[in-house]
Amino acid sequence: MQSTLHRLLYDTGTLVDGWRAAAHAGWGWPSFAVDALFQLGWAVAAALFLALNALFIIWFERKVAARMQLRRGPNRVGPFGLLQTLADTGKLLIKEDIIPSAADRAVFRAAPFVVLAATFLLFVVLPFGRGLVAADLNVGVVYFLAVGGISVVGILAGGWASNNKYSLMGGMRSAAQIVSYEVPAVLAVLSVALLAGSLRMGDIVRAQPSYGYILLQPVGFLLFLVASNAEINRGPFDLPESDSELVSGFVTEYSAMRFAFFFLAEYTNLFLAAAFATTLFLGGWRGPLLPPVAWFLIKSYLVVFVLIWIRWTYPRLRVDHLMELSWKVLLPLALLNLLVTAVLVKVL
Amino acid sequence: MYAPTPPRGILLVLDGLASLGKGLWITFSAMFRKPITVPYPEKRVVLPLRFRGRLVMPLDPEKGDNRCTACMRCVKICPNHSIDIEKARGADGEPVPKPASYRYNLGTCIFCNLCVETCPFFAIVMSDEHELATADPSRLVIDLAAEKYSLGGKKGAWWQKKFRGEEP
Amino acid sequence: MSEAPAPDLSTSDEFLLNVGPQHPATHGVLRVVVTMDGEVVKDLQPHIGYVHRGLEKLFENRLYEQIIPYTDRTDYLSAIANNWAYVSAVERLLGLEIPKKVEYIRVLMAELNRINSHLLWLAAYGLDMGAFTPFLYAFRDREEITVMVEEASGGRLTTNYFRIGGFTRDLPASFFPHLQKFLRRFGRAVDELDTLLVENAIFVARTRGVGVISRERAISYGMTGPCLRASDAPLDVRREMPYSIYPSLDFEIPAGRNGDTWDRSWVRIEEMRQSLRILRQAAEGFPEGEHRVRVPRNLEPPAGEVYSAVEGPRGEVGFWVVSEGGRKPYRVKMRKPSFSNFSALPEILRGLKIADLVAVMGSLDLVVPEIDR
Amino acid sequence: MQVRPVDPAAQVSIEPSALRDALTFLRDEGFDFLVFVTALDRPAEGVIELVYRLFSYAARVPVVVRVRVPRDGGRVPSVCDLYRTAEWHERETAELFGVEFSGHPDPRRLLLPDDLEGYPLRKDFTHPNLKPLPEVSAE
C-alpha cells in the first residue's frame, strides 16, 4: 500500500476518482453538488497555478533575457529577485485605471477579462500528470485549439474599444495573425492525432513512445512551435504590440489592473503553448523517477525557455512577411507533413 | 560582408536559416559570460580624475581658506551665467581680493569646465559629486565661499591626486 | 509648424496617423503626420522644431570660447565632431598652425566618437526593429569608448574637450592602454553585432530593397554621411575636402550599391571597421609634442568668414563662422547632416508600410536636436 | 562689408533676378551638392545677404553664391526644383530672416512656433526671453 502522498504525485487520477466515488457514496449530497464541488476544486487549483506560474515565468523570462544581454536582471526584491513580479503586481493593482474618454467603455472594460477567461479555460484539458486533469475530454485537442482562438476576440475588442489608431491597428494585426497561424498549428497537431489515433490528450500522451513524438514529427514540432509562438503574439511575432511602430498596439490605452490582465494572459499563454507542445510532442508527463507533474513542468519550462530564447534573439518580422511565412511557407509544409504522416501511418 | 547579389533559391533559404542559428548561438553563449552591469548603489565605478561633477571651491590646506581672489574670470567665461561673485570689502569699504559670496547655480550649470580652466589660482574644481537631484530648487544655488569644502576625509586621496594632476 | 492641408477623409479610405511628438520610433521630439491607407503610407509630412533653441542666435551673443560647450549639445551623439568643426573654423579664422600631436588626438577622438555613435545607432535601430539584445551588446562596447573619452575630457556625452588651438589637457596616461585593449577586442564585437542583427535573415528581409533612394536624388536632397554612401556614392568629407591628417591615413570609404535601408546599415557597420583601422594607425604614429598652441586669452579673430566641415558620424558637420572683429562672432551657421537627411524622408517612404516607416527613419540615424538646433 | 574670405571657396555676387540662371548653370557644371542656404543681416546697409554654398563632388571645389536683397520686402526666386534640399533650407531662412522665396512649394514655417513675431536672426530682433550675458567688470 503506497502512501497517499505518493499516489497523489504519481497516480492522481485514480486517487481523486476514489475520493469522488467515496463522496458520492458517503456524503449523501445530490450527485451534481459533489461533482460541482470537485470541479470547483480543480478551478481553484488551476487559478492558483495560473497566478504562481505567471509570477515565476515573468521572473524567469526577465532573468534569462538579462543573462543573454549580459545583465543581472531582477535582484532586489526577495532572493534572486524572485518576488519582483509580486511587487510589480502590487504596483499595477494600486495604479489608476484610466479609461480614455472616447473609448467604448463597456467593451474596453470587458476585453481583458475575455482574454484572460479564454486562457483560463484552456487549463480544463491540460494533463499535468497521470489523471491530473480537470476533464480529459475526448476532443481535448480540438477544444484546446478552439477555445485558444477566443482570446483574439478580446484583443480585437480591446484594440477597437480604445478608440486609438495604434490600438486598432494592433488589434487588427492580432486578428489576422492568429487566424493565419491557427491553420498551420492545427495541421501540425493533426499529424500527431493521426499517429496517436485519438484527440484525447491523455491518449496522445500514452500513445507516444518513450522519446515522444518529436523524433517522429520533427517538422510538425517546429511548425507547431513557430505557429503557436505567433499565436501568442510573442517576439519575433509580436506585431500586435510592436512597441516601436504601434507604441504598444492593442494595450496602448490600458493601464493598471486591466493592463496586468493582458500581461497575465500573455504569460499564461506562453506557458500553455509550451505545455501543449510538451503534451503533443515531448511525451507529456511521462518520464522516469520524478513524479509526472515534475516531468511535465520541467519539459514545459524547457520549451518556455526556447521561446524566450527566440524572442530575445530576433528582430521583429514585418506584417506582410508574417502573412507570407504563414501562408506560403508554414501551410504548404504542414500539408506536406500531414500527407507524409498519413501515408506512413497507412503503410506501416 | 557586402553581398551585391544575394544568394537565390535554396541557398538563400539555407543562408537565412544559418543566420538565424548563428544569432541563437550568440545569445546562448552570452548567458555564460559575466554580466557587464554594475549594481549601482552598492557598487560604484571608479570615476576618472577628470570627471566633471559639481563645482566646489576647496580649502587650501596650507592657507586654511579658499584661493579665490574674486577676479571675475570664471563669471565672464561661464556660457550661461551660472556663477555670480560678490566681492568682499574691507573695514574701510574698499574691495579686497576675496569673495564675500560665490553663488554657483547648479540648475543652469552645464558642467563644461571652462570656469575651472580659466581660473588662474586653481581656486575652483569640478568634484566627483554627481548625485545632484533635489526636490528643493533653492538648494540649487550654492554659496561656494561659505561652503568651506574640505579636501580631507574619505575622498582625500582622490582629491590630492586630482589636484596634483590638475596643477602644473 | 503649421498644419498641412488634410486629405478629404470623408470620401476616401485614408486616415491620418500622428507619429510623434511622443512616439518610440522618433528618438526624440519630432512629428510625422502620415496619411495611411490601411498599413500603407500614402504621404507624409514631417514636422520639426520642437526642440529649436535658437542656438545660432545665442552664438551671436557668446564669446568664441563659450560656444564650444554649446556645440556639444546640438548633437549629443557626436559632440567631438561638432567641437572639431567649430574649433577648426575659428582656428582657420585666426590663422593658427595646429601641431601634429593635436591633430592626432583629434583624429583618435573623432574616430572613437564615430564608432560610439554608430554603436548607439545600431542599438537604437535594433530596438526599432524589435530586437532588444543587440542594444546591450552595443552598449557594452560603447561603455569602453565612453570611459576613454571621459578619462580624457571629463565628460561622457557632452565632452567639451576641444579648445581653440588644441586641448587644455593632454591625453591621460591611461588612454593608450585602454585604447589598445579596445582595439584588440572590438573587431570581434563588431562581427558579433553584424551577425546578430545586420546579417540576420529577418532583418535582411525587412530592410533589403526597402526605402531606396538613388545617388542623384540623395545628393539633390543634400544627404551626406552613411545615408548618402549607401546609394553607391563613396563621398566622404575626409576624402572630398581633406582635413587634418586624414590624407596620410590608409582607410576605405565603404559604399553600398542599392541605396536601401540594408545598405545604410551595412555602411555603418563597415565604417566601424574602417574607424578601427584609422585608430590603429593613429595610435601607432602618435607623435610627441605640444598638445596646444598658445592663443591669446581674449580671442579676437580678424574680420572674415570661413566654412569648416568635418565628417561626423551622420555626415557633413559644418560650421560657417562670420567674424566682423570683436570677441563675438557676427554669425554662426550650423550645417547639420540630420537636417538634410531627414528632409528626404517623404521621398524615401512614399508607398511603403508603416513598419517600414520605423525601419527607414531609424536607418537615417536622426538626432533631433541637430535637426532643430 | 569687406570680408576676407579665409575660405578657399570662390565667391560670386549676383542680382536676385539672376539667381535661378546662375544656380542652374552651376548645377549643370557639376555643382550638384547644395551645402546650405542661409543669410546675413546687414542692418547698416539695409540688406539681407543670402548665401548659397555649393559643392562639386566631381571637381571637389566649393563655390559661394551671394545675393543681396532689401531688408523690407526682400524676395528671391526659390531654387527648390534645382536642389531638393533647398526646400527646407529656404523655409528656415525665410522664417529666421524674413526673406520671401517666391515660387516655394510649401512656404510654411519650419522651426519656429506660429505665434512668434519677428525674424529671430535679424540683428534687431528682441524677445523677452532673449537676454544678453551681463557685462562683468573686474574693477
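Each chain gets a letter, A, B, C and D, in the order it is written, and its residues are counted from 1.
In the analysis below, a residue touches a chain if its C-beta (ideal position, glycine included) is under 8 Å from a C-beta of that chain, and two chains touch if they have at least 3 such contacts.
Every value quoted in this text rests on a predicted model; they were computed, and no experiment measured them.
The most central chain, judged by the distance from its Cα centroid to the centroid of all protein Cα atoms shown, is C.
With every chain reduced to the mean of its CA atoms, the largest distance from subunit A is reached by D. Mean C-alpha position of subunit B lies 39 Å from that of subunit D. Centroid to centroid, with C-alpha atoms defining each point, subunit A and subunit B lie 50 Å apart.
In whole angstrom, the spacing between the mean C-alpha positions of subunit A and subunit D is 63. Chain geometry summary: the mean Cα position of subunit B and that of subunit C are 24 Å apart. In subunit A, 68-71, 312-314 are the positions where the chain touches two or more neighbouring chains simultaneously. Residue positions of subunit D with contacts to 2 or more other chains are 133.
Among all residues of subunit C, those that touch two or more other chains are 62, 133, 136-137, 140, 196, 200, 202, 205. Those residues of subunit A that touch subunit B in the shared complex are 64, 66-72, 75, 309-310, 312-314. Across the interface of their complex, subunit C is touched by residues 2-7, 9, 32-36, 38, 40-41, 51, 53, 55, 57, 60, 62, 83-85, 87-89, 96, 106, 108-114, 120-121, 123, 125, 130, 132-133 of subunit D. Note for the complex: subunit C touches subunit A at residues 15, 17, 23-25, 39, 126-133, 135-137, 140, 196-197, 200, 202-203, 205-206, 353-359. Note for the complex: subunit B touches subunit C at residues 2, 4, 6, 15-17, 19-20, 22-23, 26-27, 30, 36, 48-52, 77-79, 110-114, 117, 126.
Those residues of subunit C lying in contact with subunit B across their complex are 62-63, 65-70, 73, 133, 136-137, 140, 143, 147, 150-155, 158, 160, 168-169, 172, 174, 192, 195-196, 199-202, 204-205, 208, 254, 256-257, 266, 270.
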